[in-house]
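The structure appears below as structure tokens.
Letters are used for the chains, namely A, B, C and D, taken in the order the chains are written, and counting of residues starts over at 1 for each.
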Amino acid sequence: MFFASDNSGPVHPNIMQRVMDANNGYAMPYGKDEIMDEVREGIQRTFEAPNAAVYLVATGTAANSIALACYTQPWQTIFCAQYSHIEEDECNAPEFYAGGAKLTLIPTDDKMTPDALSAAIARRPTGNVHMAQAGPVSITQVTEFGSIYSLDELRALTSVAKSAGLPVHLDGARFANAAVALDCTAAEMTWKSGVDVVSFGGTKNGCMGVEAVVFFDEAKAWEFELRRKRGAHLFSKHRYLSAQMAGYLQDDLWRDMARSANAACARLAAGLKQNGAEMLHESQANMIFARFPRRVHQKLQAAGAKYYVLDGDVASGDGDALLAARLVCDWSMTDELINQFLSHF
Amino acid sequence: MFFASDNSGPVHPNIMQRVMDANNGYAMPYGKDEIMDEVREGIQRTFEAPNAAVYLVATGTAANSIALACYTQPWQTIFCAQYSHIEEDECNAPEFYAGGAKLTLIPTDDKMTPDALSAAIARRPTGNVHMAQAGPVSITQVTEFGSIYSLDELRALTSVAKSAGLPVHLDGARFANAAVALDCTAAEMTWKSGVDVVSFGGTKNGCMGVEAVVFFDEAKAWEFELRRKRGAHLFSKHRYLSAQMAGYLQDDLWRDMARSANAACARLAAGLKQNGAEMLHESQANMIFARFPRRVHQKLQAAGAKYYVLDGDVASGDGDALLAARLVCDWSMTDELINQFLSHF
Amino acid sequence: MFFASDNSGPVHPNIMQRVMDANNGYAMPYGKDEIMDEVREGIQRTFEAPNAAVYLVATGTAANSIALACYTQPWQTIFCAQYSHIEEDECNAPEFYAGGAKLTLIPTDDKMTPDALSAAIARRPTGNVHMAQAGPVSITQVTEFGSIYSLDELRALTSVAKSAGLPVHLDGARFANAAVALDCTAAEMTWKSGVDVVSFGGTKNGCMGVEAVVFFDEAKAWEFELRRKRGAHLFSKHRYLSAQMAGYLQDDLWRDMARSANAACARLAAGLKQNGAEMLHESQANMIFARFPRRVHQKLQAAGAKYYVLDGDVASGDGDALLAARLVCDWSMTDELINQFLSHF
Amino acid sequence: MFFASDNSGPVHPNIMQRVMDANNGYAMPYGKDEIMDEVREGIQRTFEAPNAAVYLVATGTAANSIALACYTQPWQTIFCAQYSHIEEDECNAPEFYAGGAKLTLIPTDDKMTPDALSAAIARRPTGNVHMAQAGPVSITQVTEFGSIYSLDELRALTSVAKSAGLPVHLDGARFANAAVALDCTAAEMTWKSGVDVVSFGGTKNGCMGVEAVVFFDEAKAWEFELRRKRGAHLFSKHRYLSAQMAGYLQDDLWRDMARSANAACARLAAGLKQNGAEMLHESQANMIFARFPRRVHQKLQAAGAKYYVLDGDVASGDGDALLAARLVCDWSMTDELINQFLSHF
């Protein structure tokens, strides 16, 4: 019963097979492998962007930080939601890669609103040398709380950025989960909605460790290559990154896996509600934030269930005391495990 | 006939098998996986260093840059050989990770000499605020030209560093090739010779993409963890890095593969000499720098052989003109390919 | 009628005289001048800290940024009030000097509260490698809104920092104004209240361009010297910085000038209140934030008065509409100018 | 007898007078003062560059580092002479400001040669992602050894840079000494010879602490302003920087002072030669590198003379042993002091 994170599950067998298939004789290193050509075309087709520049790195933090650095000067600030991954979970990697730039947190419980974004940008007027200058806007889709921006919401945010002349980055560590939930195309969720660069996540959705960075403006290509190398993220045996992403794209496996993860999560959410748990955020993708009694928690722990407790006094003696927990499902989650989990309520 | 680099060959089947075996259910992320425990113990046993701090990253540049950063202040300079990898092939990654530190190049055609190192350190006296301050010494074993420091040579360099109070880093991207060539233990080539931290390479020697950073002073452990995370090099699905390194260590596979690579290289070198090629550096590990006529080069190219031409006029019309080439053998190089290569002389 | 900033007034004649007196023959460069010995002793006596390490730089941003960098690792975050100078007015200089560290803003309208600080620190628990680690606490005295922390308030904040093991920096760009308002000693407002390093401002209080950085822990001395040089803030003709600070300290001129500035400000505040202006913050030092009608603003502008309008629609046609303005007095402000200003109400 | 450095002499009275004159009432801060308008026009006229962007900072290291940063990406390398000031005497400030860029040292005893520069640039071919990319060329005029590039030599270097598409920076800490020695205009020594940005030094030539950074391509203006602020080098009471530079430019005082310094140096050099001292570099500006016996050194020390000993065993018992010394003259050096110095030979 492993609901701690979607970065803890196994690699999909199709992807593992592609990695094994790639292990054949010699291949050109550093992204010049033939499988990378397949990946590039696959991404360009998937995103309906025949000129997109496409690169692979092995971690989501690398994808976000290096992509953002290409759009950020060291004297600028990146606008992002208060509890975004780049603020909370990347140990100053965005600041590091952007040479000491700042992050400006848009106050919110979850999703950024256009008004709040607009107000924050307005506080950084052009031409005031004393303050950090306005830099890119970074949007996380799916958010850290499992919510999803509708295409309209996305466009409302990118409009605010565009009218201030600011570029837009999409942190898509869970891009696939959002795309299937919205039932939209990769293009609709990115450049058709005003996104300039996207971190297209694979690791959390059945890959071993691979993320694609996709620039819709190919002018940033060479800078990204240099920043990736300087960050020590250019793989010599790159074919094993390529193979993962090739398998991920093949027959839209990325959508299939996300669909499985979201469906499992929906079943778990329904079961939790039926059992009286209180949902803290509406579960739209593959994450649940729910409150349930400490006594249930104790039974789940005893049974070996893994998940994060975010709030509440675990050590309390009161079995009725409510704890807030985060539960995540990946592509491999089974009905059996979900039922086993729910049986402890 | 792929002699371009040891980063272009396949992964050893034992290592690939360990990766597949690891793909089973859920595992704790970020280096808390159980296979990492096996790796840590394996490294500590291999290096006879029960308290060593052991970490994995996926690229050699990451291993070098983050390890060095733990010993370098931004106002210091790192001493290294003139043509070392950290100077020539890492696109300012060491400077980036060390916050803008400098590299001081010790003049040499290949290996650093104690005298030259000593002279360079003497030019950075303690207490002169105007100049970059003396920082760590970084030694590459095997060198970029395929040479190997004997244990005595290594100790002579680390003595110079130690008497100036400077820490020592060993860039061991080809650590295994050196250890088998010297027929010495991992401990003898590191802490027993005065090395404080080593990049223990796996990628160039039959792994997919993994390097261990081993600190003999565990006081640097937490700083390394923070720098690795901030550099975006902490893998969530870390078990697939661990699995590679576990397979690499198992039954000393790392030594076996290096032995194969070195032996193949020795056969190739003998054949080249027999065929009149001039050796530019003595081939001690798995790299050859040799000069042979342009006419041979043309036949090899036509036959599909891959290697780097370092010097000489490839476009010349003179078939007798000599070109300098670099030839590298990895663990998988066969007698058949070597003979095929030599047949064009 | 120049109320725009205390950085726009003239240098006190005593200080100018010291600069002229220093211009005599040759002097040792880079802080080895004899006047610097006088400054060091003067600061140590003034702060009752005989072992304090004392350095001069020419700008407040340099003092803050380099002092903070000595206490901040690049993977840490600096805690400061939401609208502090280091966040709002230094164009990422603190992040630059601290190698890409973060600033965590403590929500507040003006002064930091111990509870809010405590809550922010609690969100950065030791040992979580994913997030920015807790770093120093930076307190501004006088605040950007002209308020002053009482010694009790100061100690309450430093207690929070100390119990979390965090060092404390005091941004004292207007240190003198606070010290005379609180009628306390320099020692009481710093190390006796738990401050580890202070930027002791001179520029805004009658100097030409000089700030002292005072470390009560001399262990940071050499690091500061290297960081100052690397930041290009070590003056060759240092005697002219020393001369300013020597004049500033002599016969407590720094307190006299601050007393004049505060007194002028108090007179202006009283006059504004009498004339119906609404005070936005209690004026405790030499800054006033007040709201008055647009029609008065227009008369003042016509008469050549200089000050910042922070809020309100200047372009409105409504003469009764209220504008928020910031008014600052320096040591040289005269009753005549104040009366002239008030005459337009 | 102070021959240690031209940064240790007094400020010229005309410049001091301008500083005092500036100390009158209120002035706009941060470079918006009226004297800065005079400076801007003065520089533009002096350099025959009506569109040049002109900025002031207080130290030579700031001028060099911030100017270079505007032309350097963090993954590039700056080409400079082996013993240039930016390599030897700025404690990694250029690397710091350029975000971790590298310096590539052109091997030379003193001046860079076009061939050596060309060879170094050729080793950084465009498009090789593994290595530091070619960045700007920085030339020092007067060199650290007191030599001067002729206009032809200067143009030969900038031609090499231009044909590789690289920008050129001139470190002109002793610009004035070179200009009067070459009897050329400021324009001839800069943009007419292919220089893109110059650090026009004042501090070493009779100012208190001021350097102008002059961009002949005004497109870099705003970036410089932001980098200057972020580096904490934007002065609030900027008028006192402006006043120095205004005085420096007025009636070509900068040339007069340099002429005095060079002439004093020539007299000293002639006297040294007459007395049998060996000149190590030809003295073309205001610096002498000479070798003379230890016995003379001892007499000079006893008489209180100040200068740097660069080489030779000061502690030796042998009075005939030769020591190498650096002697520098500034604008204020008198015949009396020179004669006094020579009397000890």
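Everything that follows uses one rule, which is that a contact is a pair of C-beta atoms (placed from the backbone, for glycine too) under 8 Å apart; a residue touches a chain by one contact, two chains touch by 3 or more.
Predicted model, so just to flag it, every value in this text is computed and none were measured.
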{"item": "Per Cα centroids, the chain farthest from subunit D", "value": "A"}
{"item": "Comparison of A-B and B-C by number of C-beta pairs in contact, larger one", "value": "A-B"}
{"item": "Chain centre separation in whole Å, for subunit D relative to subunit B (CA means)", "value": "42"}
{"item": "Subunit A and subunit B: spacing of chain centres that average the CA atoms, whole Å", "value": "34"}
{"item": "Separation of subunit B from subunit C, taking each centre as the mean of its C-alpha atoms, in whole Å", "value": "51"}
{"item": "In subunit D, residues with contacts to at least two other chains", "value": "74-75, 90-92, 96, 99-100, 129-130, 133, 226, 229-230, 234"}
{"item": "Subunit C residues touching subunit A - in the complex, by the definition given at the top", "value": "74-77, 88-92, 95-96, 98-103, 105, 129-133"}
{"item": "Subunit B partner contacts - residues on subunit A that touch it in the complex", "value": "2, 4-5, 7-11, 16, 19-20, 23-29, 57-62, 65-66, 90-93, 96-97, 203-204, 208-209, 226, 229-237, 240, 306"}
{"item": "Residue ranges of subunit D in contact with subunit A within the complex", "value": "30, 73-75, 99-100, 129-130, 133, 225-227, 229-230, 234"}
